[in-house]
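Supplied in structure tokens, the structure appears directly below.
Order of writing sets the chain letters: A, B and C. Residues in each chain are counted from 1.
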Amino acid sequence: MTAALFVPCYVDQFYPHVAVAALTVLERLGVQVDVPEGAACCGQPSANAGFGRDGHSTIERFVDVYARYERIIVLSGSCAVHVRLHAGEVVAHGGRSDDAGAHVAERTTEFCSYLHDEIGVGLVALLGAKFDGCAAVHIGCHGLRGLGLAKPSELQEQPFDKVRALLGTVRGLELVDLARPDECCGFGGTFSVGEPAVSVKMGRDRLRDFTSHDTQAVVSTDMSCLMHLDGLARRERLRLPMYHVAEVLAGTARAR
Amino acid sequence: MTRRAVELPVLAPHDPVDHAAAAAAFNADVARTDWHDEALWFVRVKRDRAAAAVPEWEALRARASAIKEHALTHLDEYLVQFESNALANGMRVHWARDADEHNRIVHGILDRAGSQRLVKSKSMLTEECGLNPYLEARGIEVIDTDLGERIVQLRREGPSHIVLPAIHLKKEEVGDTFHEHLGTPAGLSDPTALAGAAREHLRERFLAADATLTGMNFAVAETGGFVVCTNEGNADLGMVLAPIHIASVGIEKIIPRVEDLAVFLRLLARSGTGQAVTVYSSHVHGPRSGQELHIVLVDNGRTKQLAREEFWTSLKCIRCGACMNTCPVYRRSGGHSYGFTVPGPIGSVLTPGLDLEKYAALPFASTLCGSCTAVCPVKIDLDGQLFRWRQRVVQAGHVSAAKSVAMKSSVRLFNHPRLFRLAGALARRGLRILPRPLARLAARPWARARELPAPPAQSFRAWYRKNRPGGDR
Amino acid sequence: MSAESVSARDAILAAVRAARPPSVARPESLRPVHQEESGLSRLDAFTAAATAAGATVTLAPRKDVPRFVASATEGAITLLSFAAGVTSTMSPHGDAHSLSALDVLVSESSLGVAENGAVWIATSDTVLRGALFLAARVVIVVREEDLVDDLHQAYERIDVRSHSFGVFVSGPSKTADIEQSLVIGAHGPKALTLVVVRADEPVNP
């Protein structure tokens, strides 16, 4: 089985080391993985901005490129949710079959989900990652509530947390309990520029929750959240390194 | 009932709501924003505790949702059943297609009875209909008796929250308002003392009232009765003292059976305030002896929303306010920034259906974090509906030209890998070689408060081509 | 009903029919299936919930109820009673307006709900109904054997149509509308005392 790794546009352009880390982790775990070219985006940014129609060609492209894979591992919770919810709307056209969209929607997963559900924490532990320090976990809201990466604080169900389970394999890593475990960081795609006042306030409040718990690093499932949080932290001259889970598992993350 | 020749405008003008600007103004006072956020978060925490104490919480939510969906998909039958049972209970039933008709009906009832002094308990519907100014313009004294509503009424403001109408105000501001209007000592700001002053002031009004108006939390088709929930007892004082009782209700508030009340009353207060139940859950199945009891069933856009395949489930709402308390945007922008009686996530899915252009900004006043959907006791997919309203807003052209150009060109970019690589390379280089202030200027408004990512030398794609030459293209 | 509202009725019903989404079936059971035992007895749960709602709960053996009520109504000058064995100091008639200076109402409830500390009172009597909200203090007597676990059981037991008015009362009236500060005694009673009459034969003697 060949899996595909989808590297979202902003990760490709701004955080190539995160994609390298993810690829390294998957390869070390024995996953045969391709990073096919031809689809730079899943269509989520335009759809969330209300331009779903205009962005439809983008997700069509995504379906065309990824339809031949058994597993599509997306390096972002929010992109993964978008594909899972909307790839099924793509209809047959040209060489594209009737069920290509549904096939892609169904087989799309997110990096942490994939490691937890299909590789297993036991194998992930064999990566032998180390991290000396205290970190806060920030699960992107779409991954949290849309993919079920952890039990959201609103729901009254049995607690579980796939991201913490993965990070539990990392030696030396201590995870802090935040005052608001899953409050949104305020990025929200175009929300970050359309509603700058609230977006910035939300991000600063999130940072305050991190720093008031002696956090030495932030670990997230989504680089889009981190682009926003890290941008705010650096402007405030806050030394708070931020990493994707893949970097921690690959052993390339360091505490402050 | 006679039609008046000149009707006063009851709804706000057509000016589009600028949520971002109102939110920016709200955030100018950081300490106050923090205080507002914390106050509402505390309610959310109380809700979590109350919900956790009910082992079958998620099953209750699922049942509440199913009952509402069933009721809404058989609404005509249940409305007719409710009407006939209410009539049999000795109530009078009126129907209003819109806000104006509702206001005329209410005024007509008061006018015929010669009522001059109306005490009201909380009714978001009458806020939505602009009833108070309508009646005041016709010489009727209208007193809102819910403490929070009375506070904002004295200040000539609208409520900023459907359950906590004065949550945006500090006790000192309430003290000033009461000093001015109720004659409390200047500087008095102790909540107990202020509430005591309001109690005395309003007790007089209750005793002097010649009519009362309440909302309904639930109207029960099976019995033709209704339930009103309050903590203060204000609805009950009005109902037990005034010779005329008018109960206004949106048609979506009908539930089929008495046993359904158990499901909804178990969820309502726990979701809204974290109480196990409100202090009073009053069941009315007929007028007191000698009392006139009128029910006004109001559409005002609800049948239009019911017809919208993508949005009809928003009518399941039981007005608990939980989506406001949990919404990270609402908590940091305040209820008034939404420009409508019902703010927050539920307001942002109800308003575009009333006036898409005016409320075009509201579906975008969200990060789509989904907390509202997870907290909603009747499982309305609020974030999904916000997403779908965004598509409608853009398709209707209620979006700035700049944003439109930006989104469309980004789509073009994403669909042309080579172009995307080129643009990415240029942007990365630009970020690296431009002086920082200039780069920030180019990236406004992102960079007003945030640094841009440090641009790497090469994209992942470039790295991949070099390091995994056999990798699939 | 005016001609205008008849046509509004038809218009609204027609609009509802035209708008009706595909039928969703009524859920078969409303009672959640995964009831877990809380570990608390019904009485303990009721007491805890009512106390959390701001009520004072006193447990009284049957023979001592009058004594407990007397102690709960101490100092009252105007007292109105609808409870057996407790005498009113006034006899209002007809209208509730005369009750505004009422010190204490004593009444009986036919049912208490353990999950939320509420007691049910149904009446078509305007005086009782008015006194529930106008009295400064309210004392309600409920029998331990009339406690139920939750609202599902409560609605199985009560008939909401038997009277023009019925109310679940949980605690004294209250507001938190000023800065979320809890103030007891908003418009209605400032205190609620629940006298729970112990069942004659305790479960664990």
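By our rule, a contact is a pair of C-beta atoms (placed from the backbone, for glycine too) under 8 Å apart; a residue touches a chain by one contact, two chains touch by 3 or more.
Here the structure is a predicted model, which means the values were calculated and not measured.
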(Q) Following contacts chain by chain, what is the lowest number of steps it takes to reach chain C starting at chain A? (A) 2
**Q.** Remotest chain, chain A as reference, centres from CA atoms
**A.** C
Q | Distance from the mean Cα position of chain C to that of chain A, given in whole angstrom | A | 50
**Q.** Rounded Å distance, chain B centre to chain C centre (Cα mean)
**A.** 28
Q.
Nearest whole angstrom, what separates the Cα centre of chain A from the Cα centre of chain B?
A. 32
Q. Can you list the chain C residues in contact with two or more other chains?
A. none
Q | Residues of chain B engaged with two or more neighbouring chains | A | 54
Q: Please give the residue numbers of chain C that touch chain B in the complex, ascending.
A: 1-2, 4-5, 8-9, 11-13, 15-27, 30, 32-36, 38, 49, 52-53, 96-97, 100, 113, 115-118, 122, 124, 126, 129-130, 132-134, 150-152, 154-156, 160-161, 163-181, 183, 185-189
Q. Which residues of chain A touch chain B in their complex?
A. 7, 9, 11-17, 19-20, 23, 34-41, 43, 45-55, 57-58, 61, 141-142, 144-146, 152-157, 180, 182-184, 186-203, 205, 227-228, 230-232, 234-235
Q: Could you please specify the touching residues of chain B with respect to chain C in the complex?
A: 1, 39, 42-43, 54-56, 59-60, 63, 66-67, 69-70, 72-76, 79-80, 83, 89, 92-97, 101, 105, 108, 145-148, 151, 164-167, 169-171, 174, 191-192, 194-196, 199, 202-203, 206-207, 220, 223, 225, 231-234, 236-237, 240-241, 251, 256, 258-263, 265-266, 273, 275-289, 297, 299, 303-304, 306-307, 309, 312
Q | Residue ranges of chain B touching chain A (in the complex, touch as defined) | A | 19-20, 23-24, 26-27, 30, 33-34, 37, 41, 48, 51-52, 54, 57-58, 326, 328-329, 332-333, 363-371, 373-375, 387, 390-391, 393-395, 399, 403-404, 407-408, 410-411, 413-415, 417, 420, 424, 427-428, 445-453, 455-456, 458-464, 468, 471-473
